[in-house]
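Going by the order they are written in, the chains are A, B, C and D; count residues from 1 in each one.
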């Protein structure tokens, strides 16, 4: 059983929590804890070797010994539901579909929504519903309305933007606060905006990277979950950098999803605590 | 104050330990814990925001609530003492001397012992005593006897083999169990023995690495503290690989020493737990 | 057009080769060259901005100016054909199938042969023929005979062992010399043989890796094409190490295949030259 | 002998150059070449196994066969001279002094100039002249005048800013065009300006890096020579990030200096070609 706690810090928190576990005869197999001293915040991920018959009661018992407004989640939805939004690039989506098909994603893909149709076939091959919502011939608001409606029908735990090249409105984002995960080409906060690979190429960078982050309302500025880089050199054209970037994007999004679906990521103050 | 605990695992350990901290009004700033479930062993590194006036009493209080034979160390010697053994290569020693001089090593170098004299001058420049104990003209046993005597005079917490190219006897090793740190060229357990770079070159490896480990009586087989690699390619001669390897050796030894001197490394069953 | 040359080294080789290119008005876009001085061997990969109408004539012209026994390949089969051998693990195969489907593999998968049937369905989903050749109920020799026959029918440029857990005989290997590519868990030459992850776990390694190599007749000892590592720590069980290892295996095999299919890998003396 | 060529590209350049080498009976041991197709520029680094008795004649012979305005350097100053500018941080300077002392820097340090005096002692220990030029009590222009005068007396090939925390004027920079090397904390072009580690901490980045670059007149925007990163996590305070950053700064500056002093770095259009 996994227990996740986020609350105001105070002396004796670990003691009270682990005493409660001991009282229930749950042995603590793994305990990750972090205190943000400056902000007086406490984060804990607890893995114990039993399962509560009644998680609501355990949750209440935890809240009773924690400071007010504590956030407690007990083994929340072992099989999380996700919706994936895509445009034309296949690399992140295919990786998700493969893991979904073989049961190693840690979540199940309810459907894929694309603003282009090119990725419909690969979804069909894996028996995953694909919805094509074009932005052509209708307003951005109308298209997003259709997307919102489809996403809400799936009632997902998380929405994954797997190279979705349209900017979603604050209204959409606010429906899924810190539950939308995006993969961003190049480094955040470097080269914010359009054509980052072109910018990187012209600057002659020796590394390119990718960042997986939660979506907030500031473009590409939400809390960072994971980052990785790969080395490049002068022999890379801008197109080669894009190709190399796709490998690192696929890898870093996979890593971020695993962390999130495994309840290892806490969010506060536009940053994350990742208890590995 | 840093508290380090290693003992048999049982339900409620974290609770009892942190309750004791709470009773003393020590707030837990950082808590790293690991349980080896198969071996039923418990490891904890605790950083609290106070200092015990009487560490012996606190240690006794901890032992009273822990299973028998628990190992407890409280902020053990913030300024650890080390002796460094070298042969001819400067890279690891110079890095240690620089950090020692600028006060960022986390330990103080009592003296350097070399079986060659070439590194005497760099020690002199940093006002660190250098002893030249040649293996020429005397038996290995005699030379090691002189080294042992010099090391014991310094009463060090750790002995660092910074590219010391002689094999120390089990007798020497047993004087400092899990307190001798070695840096080994190339990967452990790959290319064990002589000329690893030559072996690596002939195999056309694409990575070379270094391993910092505690010394046990099996050559190059003690518990691993840290490992790193760097990429190489066909353009590297065996000599280039040695040069590149020195960079990674310097870096990985520095990292391992920092972890050990910061009380983050536990040893059991010929392996380590490193709580970062 | 890509031109690949491997021959005895002598003064003036680059001059003669590039003079020939100039005479044909081929501008050299990229030139990678390596000389193994000790072995007196010369390797060159040339990318020029034109295509020879008659590659056989150009090849002859090159051989005329090179030392005897030179190996020359001109843009050899831009669309290479491969056969993939698998057992039960999906990660490397799925990555290959996805790239094959989207046309970014640099080769086309003729068929997949498995000694278990579990990966038949994923091949079927991508319209790639899957053949199940069980080793149960027949001798190893009989099973390998069936595999050989199937592979030969596809007339592949390369055979990829994508986690094929059976050892192929020297007879099979000699049919495809330096044209069989294997991905090996853990490091070569470390932990050779069975249960490398168990060995790595028990040693408490801090890195695990994977090696893609050509298959020779010494088990896991053929020329290395690419290697990568990922950091692990004491929190990884042996099973976690296997999971982490799969990510690095997938990544390093993909990289090795790209290098081979792009004609960047030369083999000699049981090692490779990789001109990137 | 190392020969470095940068010129307009045209068909047959490699042929003419290597024919000239063959005529002189210089065997080409290593040849690195790059063509920027879009800009029609040609770069070559040639290592041959002989030394020209008369480099000026060879240089003229090369210019005769190259397009107009070609830049040719023949084994330029095997022992380059450098001046190092510092402020208070020791990590980069100490690394340079150690390599300088042991003869592995590829250049010789003529003197160190600091706008604070704290690093005088470590220079004295290595018998390297240290000049303290304070910016206190005089105008920035006056201080820079003194620095300029001292640097010019040493007639250095390169000026290394090893954590020099003052901004040099365009006038100073123009005296040493593409011959001033700086190490910049954090990523370029991310977090440009003050307190990058604070910015990185507040953003919760998972990687921090360092960039070594030539100095141009736009702050932190000159051609990039080398970049590296290290992973960090939520457990790092801003101070920990600074400490970790120093390790990567030291390492990346060392790598960049080695590349530059080994004549592997070409500059054009505010970017570099690094032929490794």
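Basically, a contact is a pair of C-beta atoms (placed from the backbone, for glycine too) under 8 Å apart; a residue touches a chain by one contact, two chains touch by 3 or more.
As the structure is a prediction and not an experimental result, all values here were calculated from the model.
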item: Other chains in touch with both chain C and chain D; value: A, B
item: Proportion of interface numbers common to chain B and chain D (over half same, under half different); value: same
item: Between the pairs B-C and A-C, the one where more C-beta pairs touch; value: B-C
item: Magnitude of the superposing rotation for chain A and chain B (Cα, nearest 5°); value: 180
item: Separation of mean Cα positions, chain C and chain A [Å, integer]; value: 35
item: Rounded Å distance, chain B centre to chain C centre (Cα mean); value: 40
item: Multi-chain contact residues (two or more partners), chain D; value: 30, 34, 235, 276
item: Residues of chain B defined as touching chain D within the complex; value: 30, 90, 94-95, 98, 101-102, 122, 125-126, 235, 247, 251, 254, 276
item: Contact set on chain A toward chain B in their complex; value: 9, 11-19, 21-22, 25-31, 33-35, 37, 49
item: Chain C-touching residues of chain B, taken from the complex the two chains share; value: 34, 187-191, 202-207, 209, 223-229, 233-235, 270-274, 276
